[in-house]
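Here is the structure we will look at, set down as structure tokens.
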Amino acid sequence: MNKFYHTLKTLFLLGWSIFVVFPFLWALSTSFKDANAITSGATYIPWVDFEPSTQGWTSLFTNGSQGINIVGPFIDSAAVTLIASLVSLILGTLAAYGLSRFEYRLGFVKNADITFFFISQRIMPPIVLAIPFFLMLKELGALDTIFGLVLVYVALLLPIAVWVMTDFFAGIPKELDEMAMTDGCSPIGAFFRVILPNSVPGLVVAGMFCLIFGWNDFFFAFTLTFTETQLLPVSIVSLNSSVTPWWSLSAFALISVAPLALVAIVVERYMSRGTMSGAIR
Amino acid sequence: MLQIDHLTTAKAKVSLDNVSFLFEAGNIYTILGRTGAGKTELLRALMGLNPLINGDIKLDKENITKRPIRDRNMSLVYQQFINYPHLSVLDNVAFPLRRQGKKKAQAQALASTMLTTVGLGDFLHRRPSQLSGGQQQRVALARAMVKQSRILMLDEPLANLDYKLREQLREEFPRLVADNQESVILYTTTEPREAMELGNTMIVMHDGEIIASGPPADLFAHPPTKDTASVISDPPISFISGFVRDQVLYFGEGQLAPSEGLQLPPDGPVTIALRPDAIEPGGAFTAKIGLSEFSGSQTIIHLDFDFGRAIMMVEGIETFKSGDNLSISIQAEQMMLFAPDGRNITLRDN
Amino acid sequence: MLSSKHFFLLPALLTLVAIILFPLLFTVRVSFSSWDVFQSGLDFIGGSNYVRVFADDRFWQSLQRLSLLSIISVSLQYTLGFALALAVWKQVRGGRLLRVLFLIPMMTTPVVMSVIWRTVFHESLGPVNDILSAFGVGPVPWLSSATGAFISVLIVEVWQWTPFMFLLLLAGLVSLPKEPYLAAAIDGAGTWRTFWQVTFPLMAPITIGALIIRLIEASKIMDTVYVLTSGGPGTATETSSYYIYIRGLRDFQIGYSAALSLVYLVIMIISLTIIAKLLLRTLVGKDE
Amino acid sequence: MAKIVLENLGHSYLSNPKGEHDFALKPVNLTWEDGKTYALLGPSGCGKTTMLNIISGLVPPSHGRLLFDDQDVTSVPTSARNIAQVFQFPVIYSTKTVRQNLAFPLECRGMTPSKIKQRVAEVATLLDLDYALDMPARKLSADQKQLISLGRGLVREDVSAILLDEPLTVIDPQMKFMLRRKLREINRQTGMTMILVTHDQSEAMSFADEIVVMKDGLVQQSGTPEELFSQPQNDFVGYFIGSPPMNMITLEPNLGSLSTEAINLTKPLPAAMPVGNNVSIYQMGIRPEHIVMVDKESDSIGKGTIIKIEHLGVDGVVTLKLPTGVIIKAKTRKHTEMTLGDTFGIRVCKKNALLYIDGTLSSSLN
């Protein structure tokens, strides 16, 4: 019985690992193919199945008709994601702390309703906001700029930061802030001097989630930017719809996905230590 | 010096109900009460952590009811060992001094002296998480005392410690606060022995109210009400219902005439309270032994009477078999009587 | 006191309101206009857009399709994610590596991966049909048949988001207390009983949270569909968001798409609230 | 039900222990009889929890054997050991009713429904839980939940012992007394062996037929409460058992005997120890309960002045300063009649003054 379970488990883990890795391996293999190798049907192993070519990779750093320069979109993507994540994290952390420690009341609206308001922004389908955002940014002259996208992404990421941090602060004993206040801190001082230094695990998890969801957004980048500012997901899709150079697509995809694999390592560490238990509930 | 008038907090599972008291500087007040009696709520209300719906707090005649927490000149030690996890032991204790505006070097010097006093001189640069529970609570105590605030509050500070550590800290506590003349110390506990051992004045709380206060020995000898008697007795006091008719006290099949040790009230129902020292082996009453257990050099015997249950304590370690019958006597001079409304109506000749 | 508590909340609240409120109110206003390619600007045509929504079969079909897709994919993600979390919960050889590996898909950009998946599912040049043919199956019309396209979208969704479930559930598992398990062992409960009587009840709050979050995110599915199938073949994989996108940004029927958006939003909020309540009642036994 | 034997049982969390210090539990031989109550007592980190985990099967010991009724169970898994355990925090199956909780261990063992019903009814009556049988278990108070945990052990007829891991920690102080009595009564009625882990000496003293006192992974003494109280084998047991702890008065070796200026009570110097041996410390241990305070004029072995009186209710603890500066404590019920500064004579029955050499009871000389 035990042996049976064990075998089943091993097979399951093995199968799932293959499933997870498969598209990456396929992309890696494809990125070294040329037009001949691709049109002759599915092949897998370079040198054995096909003659490898580096044109997929070189094209990413070449301008003009022969290539699609990836450097610009990469920098734009990174800038938008980092700035928006940072702003969301700061604002979200403050709000989450307020919601977990003070009582707010505005007519019938109480803390739980405000928290729900923040988190419910995730329910809003992007399409509901796309057209008004378009018009609003146009009014502000922020269409097709990093600033405009940051503004929109903050609205997208703030709920995530509030969600993770509210749960995290709920796990920090109230007595800690009270103690800081009895020791002579103002409520704001208590937050900065005592709570914040003890919130690193929560901040890391919230920050990681912001990065993931920011980096991976496509829709707003797609509707609100055109030529001046271009993010990675949008440029790959525009590549997709044209002549379909599979080798460039694959290399492009791998590069765009790589930075966040590092995030996975950080997230795993916090998850295994159990420090995420407070951050996620 | 610290005067509280009619403190009342919003109705909750545990809330304060019209609590008034005058605390004098240089005294240690132990606040005794069961879980949920309102002890913690009182301390938190004084600190400004729990909002009041009524009442005033005056410190040196000055009304501080609305003053922000940080300006109240009070400190509080929690039941859980709470320290700043991100700071070293030394910085933990220096923290309140730094907030008072002291220079870093001066704050650390004062903190280090205080830590030596509480016996942690060798642990200045550890993190609180690297200390044992008892040591963590010493850090919290040092942090509270180093400020030299007017009011020092300790909320069941020993409740989460091992038995022997508790005993040791209880023993040290008077020394730690020995040179305190200017401040009021409030110490809450659920254990009658601790309250009696540490306080010059004992305050008994029950259901969000102060129901008695006074020197511990007096309160123990003459509890004003049945609730007080019940809260301050450990091992538990036993209550038996009876009645008085024609100057004879009846309970179950027993009866008792007035004596020098105990006068009887006029006719009517009474509650008889028996502490372990009111029952002695050998005598006219018969009881069944429910269980016997040791406590130090004494044996505690749980007795089942036809009129109720009671506990007897016998010096020395002796084995009593459960189920056996035992003849005992009830000492009238140790017995207490309470009226149906809970008032103590014990009257003795002396 | 007053000022400091507002110091914490107001910046975020005002920012969000400022960013969200205008678009939302604007959408409400536009939904009562006939703004389209021919008539741009805000006129007022009453509720006729809404009347049109209720007669729009394509919209309701897309909503049905969306419900089916989200419920199936989230159930699969939950089951597989829980199974994976349980499998690597206790010490396994190479556990660290497996955990990182299992997390990676959720870190990747859905549209980018969809581009890759499109090549994977390619009927003549993709590896899936190539491998299947080795077993004598196929060729399967992955992206060109209605069922095939639906299943493809499902597979990609499961690949992408099972890690999210895995993450939440494993984080929950590692923080569980040990005593209940020892108690269950002492009571003589086997693996199966221990799971249903100890693990599952302890994980109920996390389960609810994870399911709701995933349902919310899944209901917005659009990127994957856009790249993988463009809603096709025909309307076989067209989800609500995608349909609204077509009406709004492709056909430029701004007024009508605004009405569609709002109807959709209200339906989403109501149904997610009901689902959350139901889950709470069945899994935690909360009465309120 | 079974006799439990710990045969040279020890445990080190290191794979290759170098010396004494590497052992969380230093090897020990103990025999626990069927049907009695035992307590494992000591400060935190003393190894009592390790010992309990070895008995429950959570930790496989690195050294020695564990026998239940002469059967080696050292490598038998928890589920096959026939033990029951109550934890510090109540463990219940939250989705089940009280009845289903109590029935669960029997269901796992495939017992017939009628038999289960009968056992559950019996145990519920024993625990006074009849009225709550159909309530969801999670709605009960902490002490009732602890009774359910206990009940899951009691329903089984094959249980060798019930392990209680500080089960009274989360119980309200006023309920502790009642629950402790209940545990004793159940032991009496069922004859089930119970093993309690605790740091509270008064809890151990009142609960157990026999107490194992531990410190730093080493069993200091094992015996009845009376033995531990009247014959503590070393100064730690003298300190740990009893409150306040045993008074330890240092003795000076001179002229063939041990004495102190403080108290006129001499002990013969052990023959093996030469006079002037500075290495050994000689101490006299006297329980505060054994110090009798008499009128200062009457016959006594010493005099002391009261420097502190602690009211503990019925009893009181009086701190006395002897002329030499030595401070001792005495427990009395007459504390209410005493005042600070009073001087009293001290009497101690000879058998209650114990000699300790380097912290160990010197039995031959007492």
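Read from first to last, the chains carry the letters A, B, C and D; within each, the first residue is number 1.
Note that contacts are C-beta pairs under 8 Å (C-beta built on N, C-alpha and C of every residue); 3 or more make two chains touch, one makes a residue touch a chain.
Keep in mind it's a predicted model, so treat the numbers as computed, not measured.
Graph distance from chain A to chain D, where chains that touch are one step apart, equals 2. Each chain gets one centre point, the mean of its Cα atoms, and the points for chain C and chain D are 57 Å apart. Distance from the chain B centre to the chain D centre is 25 Å, each centre being the mean of its Cα atoms. The centroid of the Cα atoms in chain A and the matching centroid in chain C are 15 Å apart.
Annotation for chain B: residues touching 2 or more other chains are 68. Chain D has no residue in contact with two or more other chains.
Across the assembly, chain C contributes 1 as residues in contact with two or more other chains. Taken as a graph of touching chains, this assembly forms a single closed ring in which every chain touches exactly two others.
The full set of touching chain pairs reads A-B, A-C, B-D, C-D.
The part of chain D that touches chain C in the complex is made up of residues 56, 58, 77-79, 83-85, 87-89, 91, 93-96, 104-105, 108-109, 136, 149, 152-153. Taken together, the chain C residues at the contact with chain D in this complex read 177, 179-180, 182-183, 185-190, 193, 197-198, 201, 285. Chain B contributes residues 34-35, 132-133, 162-165, 167, 171, 190-193, 196-197, 216-217, 220-221, 232-236, 275-277, 290-291, 293-298, 300, 302, 313, 317, 322 to its touches with chain D in the complex. Put simply, chain C touches chain A in their complex at residues 1, 4-9, 11-13, 15-16, 19-20, 22-24, 26-27, 30, 80, 83-84, 87-88, 92, 96, 98-113, 115-120, 124-127, 129-131, 159, 167-168, 170-172, 174-175, 191, 205-206, 209, 213, 216-217, 219-220, 222-223, 226-227, 240-241, 244-245, 248-249, 254, 257-258, 261-262, 264-265, 268-269, 272. The touching residues of chain D, counted against chain B in their complex, run 43-45, 172-174, 177, 180-181, 184-185, 188, 199-203, 205-207, 225-226, 229-230, 239-240, 242-245, 287, 289-290, 310-314, 317, 331, 333, 336.
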